[in-house]
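Going in written order, the chains are labelled A, B, C, D, E, F, G and H, and every chain counts its residues from 1.
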Amino acid sequence: MALPSSELTPDNCVFLMIDHQVGLMQFLTSIDPMQLKHNILGHAKTAKAFSIPVIMGTSWPQGPNGPTMPELKALFPDVQVIDRPYVNFWNDPASRAAVEATGRRKLVISGLATEVCAAFPALSALREGYEVYVVVDACSDFNPLITDVTVRRLAAAGVIVTTWVSVLAELSANTQVNGRHIGTLLAEHMGQYYAAMNAWLGSAGNADEVKGQLGLTGHPPIPQAGL
Amino acid sequence: MALPSSELTPDNCVFLMIDHQVGLMQFLTSIDPMQLKHNILGHAKTAKAFSIPVIMGTSWPQGPNGPTMPELKALFPDVQVIDRPYVNFWNDPASRAAVEATGRRKLVISGLATEVCAAFPALSALREGYEVYVVVDACSDFNPLITDVTVRRLAAAGVIVTTWVSVLAELSANTQVNGRHIGTLLAEHMGQYYAAMNAWLGSAGNADEVKGQLGLTGHPPIPQAGL
Amino acid sequence: MALPSSELTPDNCVFLMIDHQVGLMQFLTSIDPMQLKHNILGHAKTAKAFSIPVIMGTSWPQGPNGPTMPELKALFPDVQVIDRPYVNFWNDPASRAAVEATGRRKLVISGLATEVCAAFPALSALREGYEVYVVVDACSDFNPLITDVTVRRLAAAGVIVTTWVSVLAELSANTQVNGRHIGTLLAEHMGQYYAAMNAWLGSAGNADEVKGQLGLTGHPPIPQAGL
Amino acid sequence: MALPSSELTPDNCVFLMIDHQVGLMQFLTSIDPMQLKHNILGHAKTAKAFSIPVIMGTSWPQGPNGPTMPELKALFPDVQVIDRPYVNFWNDPASRAAVEATGRRKLVISGLATEVCAAFPALSALREGYEVYVVVDACSDFNPLITDVTVRRLAAAGVIVTTWVSVLAELSANTQVNGRHIGTLLAEHMGQYYAAMNAWLGSAGNADEVKGQLGLTGHPPIPQAGL
Amino acid sequence: MALPSSELTPDNCVFLMIDHQVGLMQFLTSIDPMQLKHNILGHAKTAKAFSIPVIMGTSWPQGPNGPTMPELKALFPDVQVIDRPYVNFWNDPASRAAVEATGRRKLVISGLATEVCAAFPALSALREGYEVYVVVDACSDFNPLITDVTVRRLAAAGVIVTTWVSVLAELSANTQVNGRHIGTLLAEHMGQYYAAMNAWLGSAGNADEVKGQLGLTGHPPIPQAGL
Amino acid sequence: MALPSSELTPDNCVFLMIDHQVGLMQFLTSIDPMQLKHNILGHAKTAKAFSIPVIMGTSWPQGPNGPTMPELKALFPDVQVIDRPYVNFWNDPASRAAVEATGRRKLVISGLATEVCAAFPALSALREGYEVYVVVDACSDFNPLITDVTVRRLAAAGVIVTTWVSVLAELSANTQVNGRHIGTLLAEHMGQYYAAMNAWLGSAGNADEVKGQLGLTGHPPIPQAGL
Amino acid sequence: MALPSSELTPDNCVFLMIDHQVGLMQFLTSIDPMQLKHNILGHAKTAKAFSIPVIMGTSWPQGPNGPTMPELKALFPDVQVIDRPYVNFWNDPASRAAVEATGRRKLVISGLATEVCAAFPALSALREGYEVYVVVDACSDFNPLITDVTVRRLAAAGVIVTTWVSVLAELSANTQVNGRHIGTLLAEHMGQYYAAMNAWLGSAGNADEVKGQLGLTGHPPIPQAGL
Amino acid sequence: MALPSSELTPDNCVFLMIDHQVGLMQFLTSIDPMQLKHNILGHAKTAKAFSIPVIMGTSWPQGPNGPTMPELKALFPDVQVIDRPYVNFWNDPASRAAVEATGRRKLVISGLATEVCAAFPALSALREGYEVYVVVDACSDFNPLITDVTVRRLAAAGVIVTTWVSVLAELSANTQVNGRHIGTLLAEHMGQYYAAMNAWLGSAGNADEVKGQLGLTGHPPIPQAGL
């Protein structure tokens, strides 16, 4: 059964963010592209918040797949995006070497499309004994049926299927220590939480106290995304 | 395979109701909030009907997650709601001690959000050999895809995924003995059954006899929720 | 064009609540029955809050259509429900006399099913020069296509199609005077507002002040529907 | 028939942005809140791009409706948000005076909720001979049925129902002059266009030329919302 | 406005059932074909119950459109189905003569597909002063968008859009006289009513009395469709 | 893994049809009741076509659950429907004895609701080594989420989840021998096949030959359900 | 009311196909792009089949909107596509001159996006007394809500909203003369008809005769799109 | 667990394309028939591109199931389609011999319907130790629930569920070698990619270079399906 041996911690995992290219985002629409963009950025910032190593790849960026999302490059200026000829990230020696260099055995994979770029390395790594997570909502496909079939294939094979908020929460572990990551990333990237957090900040009598707990004292109103 | 060793009985299980807080209910909308509220209350009253121990927790109730649903507190005035700093209920010593104090090995878990508050303790308890049920419709998430992925993750790991009506029915066991629990809780918390039960009460020639079986003799028309 | 001559006020309208019978509620499911029940009750309590005359009718209550919702009868103990043999409420002399006795020319109609019990008197009254509103979400049908076609028919004929919350808001007119009606009825009958209002009550620094404005001082936590 | 007398131009209209408050955004979810936020901001920036007067209002901001979206206040630091006790914006003397002060007869209205805050002033202004547009996707409601009924009511009454992108395009008129507004606002606030525009910028041989036309020369990659 | 001058009665209307051919039913699936079949039969039996004249047509029955539904032919053995070369039923001299021979000015039209076979004669007849009803749920199209656009086109042109149950109810007028038509046709052709009626017959103390009213005394359990 | 040891044959299985009561059908609507009725009847006639033993049960038929579908009783006049007080069919000695009396180890279970009446005996029988099939589309629930969760629970436990057409096809095995069962049952109970079969019969050059193969020579037009 | 003065004929209308550019097709996805492509091609071939004049335009083809669909250019090699700087086709002197040169007063408009490229010229032409049709399914938008609002706006203004199959059928008028256009265009561009037509051709006893009627004698199997 | 032992390569698998008959396509509509046709053709061309052996079967082609899709026959003129009397392809000696003759142990199965024609041989082959893939989107069923249940059944049994694009990508392995297969097949059979590829070809400065990589130099604009 696909029961992980232990919880995710900042020290035991590596994020594989594969082919988050803007060309792919325009024709893989099983998740609304606006929400997909936010899911990918929320997931990427989770890595940054917990200093988790990130490996990024591209496939055919000079063609209609297009370049990597510019925001991702800006977030990780020091990460070299590895372009590869192999469809399966795992079959590319440079990509694989990057994974092995981290020495970590828990792989947290996302990619466009789920059915190819996330699924193939997930299954290959599983065969070699890695513990593999696929972050389904930071992936997308041509249509929802494809995602549905792919997630079943992955779950049946032993991959742990999960979501970006769940990964963020598992890594946060303790709200007194890391609540600010949950609060700010959800407010920036989940529309409902944006509304609820700002409403609460506007009315809560104890807002100052909690903002202090969140490290937000003196902070301007939370996320003004898009301005 | 995730086949339970035995049926649920009032004596062999404990309900973990985690973070059913009104703030969370306003932004976790994958289940319609009106139905979610009724699912949670139906599940809670199931515990009360069969005198099953209930453990309740909160996470950051002074912030936008808000306080526990007032109806839950009113239902269980003697249950102390345990606030915890740990995201995972299972990692909180006080919460866990409360579970262990019951001596029961079947955990019936619900929580907001499914992907975090229900899923994390479910997986942790599973690793330690508990038999774990997650009551999916007494939980909710930011969107249905998240619930879908989470339920697959849980089922693949060995958790028994279930629903509040199924738990109620399994505990009832015998309609001659416990039919009144099924009848009244469904009429109060499932809109279609409300209509059907009241229509039947209004027309059935044997209504008095059956009302007697249900312990409803002299009872006013069944549930006038919301008045 | 279907532009009302003036706004709804407590003095210029009468509510026709036609055939809100529990038997009909069990097989007219284009609106989820739980939400339908709450929409009907919210609409009925709006009449009560503003002392608007209510006329209630039934059609074949001794058959599978069943009796009037018990909560409606309890809300309006002094209103005599008029049973009629005519399908069209407007063709029934007693029902029509009750409307004319109010002397009001704005009719706010709801009924089960929309396509028959609400639509027929709406069209008949329109032909006689009444200004007619149909409260679409306090009605229901066998399936959504039927509601869709009916609403188009009504709008094209000159009926003003509307919703129960809109009627409540139009009658409230001024939140300083009638905000408590909006606040309490929405919290009791709209799941999302239930959550938001209770979350706000739990955190708002100025809750006491606003509760005073709402006439809720000393009030227990707002709506514990279903307990 | 609801055929406008002329096209919208920057000189002949005023935007009424009514009750875009974060509390309302958390419980009015008929449009996904993330997309709603972007629709509202795209619409607001349209006003700014064409120097169209904007009038903003609030209803009960000290209660659960919450304060105005902070991004809106930041966009229009010089606009005074008018709080009013009247449910109907049109019945509030100060709000109405602000409209009349512009001397414009084409009103472009958006508000939360559609069924109340947008619909009521739209119908009132129509009765007084204004030409009224309602921007449906910069509004939201408790559920989609309510929006559906409201839009039918408005269209049948003579209101011109429209969308924020359509308003932006109508005001732009000529892509050689105003193409940059279309290009940048869509890329910032429509997920699919974000992807397509960035993919095109990454591959187009004539990107520099077109970026010049857009006034984007030397511009960093287009919208990095959320960073 | 599309407000009918009077109610439908058995004496003032004629049913035009156009191209209800089994070949068309297999590729026009915007309504589920099982429900479509029942809607058409329910509508046809309404004509039979009230002795309303029926005119039936076909288009290209020797090709993939196929022959008329065999059940329709069996219901109306004396009605000659008019095959025509004209797409628009109204342009066919024989079809039109059949309509004129009835001398009736209210046309109740259904057809496959809505967008062609129902819409074209509806618009043509309207131009000549007939009062035209289109029974939308006894029609179907390639996809729901087509139906949606067609119904808007018809409603905007002045056609009265309606549904088969609404027509049945309007013709029934009085439940004491015609309740048996409503009761039996709904139980045969609406799944939810089938269940509710049979449940009520099984439990109602006054079933015998009401069955007497329905002319069902000694009647076997109501509709055993499909046996 | 839930791989059956062998194919279903008429000799190796027994059908358990549990609580197909008309009262339950009116409030369990996750499958459209019209289609549900047809799925149940198609499944029942499959048993009859292949002379497979059928065991039928009821739960609380004197209450709102109502009596067994009258068509089912008519199909199996010799089968005694076993009413039981136990929620779980498997815990009822008489029901269980009926299963054991057949000596068969493959159980094909359907029931209302899936989450209770089908799921409970399926899991109990699995624990005792039976090979268990659940026919999901001859079951229904309060809402689709419940069915979804239940099917996952069953599949994860080792139950073979299937559908009535699949069971019919597996038992038919050879179309030359049993094609007539497939042809007639699908035409009677699947709306699309009704249309396609009748269209084909109306146009096929080889219709007579194939009707001969199906044993339909001289047969009237296939299924005239509902007449 | 929006009732056309007469039927469409090949002699009284002109098709305006505006901005059917591949870049727009990739981000306007309210209709599935595969079906959208087929709807546009089916509509274009309708013009060709009946020798109806076609006017084509583009907006900003050197940018992300991209060039006109290559199949459209191939279909109409002699039509010059008019690129324009004006958002509204009607405001572009060259585009408008092309319309006026035809001398026709019935405009059949389609365009990407509906809310801009189809709606703007439709409303402008209406103001000048043209009879305007918008072919809604040969258009698309960012999301379905936008299309919905736009179609209501158009219908309320007096535009005749329609679909490409309806236009094809209206122009065909007589199946004996033009049935082959209906048969071949539907088989090429509507998936369900493709299946039904080919199934019928494979089995129909009178296939040869009808193929003769269709002018398909000796024709290879109908539409092998994509080979 | 259903983890494949190795990746698919052109040398280790055989495609079983079972009962892709046009009659079945007209009544199995859980996938839109237009997209289904394209999925099937995309999958078939994948076999052709990589010279993978294909085995094709039919069931009752002389009846309403109809003949094999004509495009499939045209693609594989040398493959003899095996008609069989057995419902289960695996039970047919000739069909099975064709599989065994290839000597391959990885079976890539698609068929109409999923629940019968794909599922039965998949389960049978699994029992005999083959590694079995089912290409879910090149299959279809009467309704989506059936597909959903079937895919769960297959995944739980150990079948690898997958999609045609995923199979194409896995076989392509290296985009420098096989990118042209991905590029052309997606552009021909996925609507969104058609749009994106053509938009990119129209604007990309490096289009010539990449077209060279794709072997498209001098190639006319990519796929003009349907012309």
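Throughout what follows, a residue touches a chain if its C-beta (ideal position, glycine included) is under 8 Å from a C-beta of that chain, and two chains touch if they have at least 3 such contacts.
Fair warning: this is a prediction, and the values are worked out from it, not measured in the lab.
Under the touch definition stated at the top, chain B and chain F share these contacting partners: C, E.
Repeated interface, listed pairs A-C, C-F or B-F, reference D-H: A-C, with more than half of the contact pairs matching by residue number. Across A-C and G-H, it is G-H that has more C-beta pairs touching. Here the CA centre of chain D is 54 Å from the CA centre of chain F.
For this pair, chain D with chain E, the centres built from the Cα atoms lie 44 Å apart.
Averaged Cα coordinates give chain B a centre that lies 47 Å from the centre of chain E.
Residue positions of chain A touching 2 or more other chains, listed in rising order: 2, 23, 26-27, 29, 62-64, 152, 155-156, 158, 190, 192, 195-196, 199-200, 203-204, 206.
Taken in their complex, chain E has these residues touching chain G: 2, 23, 26-29, 59-60, 62-64, 85-88, 91, 113, 115-116, 119-120, 123-124, 126-127, 142, 145-146, 148-150, 152-153, 155-158.
Of all residues in chain A, only 26-27, 29 touch chain G in the complex they form. Across the complex, chain G meets chain E through its residues 1-4, 7, 31, 136-137, 151-152, 155-156, 158, 160-163, 165-166, 169-170, 172-177, 179, 183, 190, 192-193, 195-197, 199-200, 204, 206, 209-210, 213-214.
Residues 196, 199-200, 203-207 of chain D are the ones that touch chain H when the two sit in their complex. Taken together, the chain H residues at the contact with chain G in this complex read 21-23, 25-26, 29, 32-38, 41, 61-64, 66-67, 69-71, 74-75, 188-192, 194-196, 198-199, 202-203, 220-221, 223-227.
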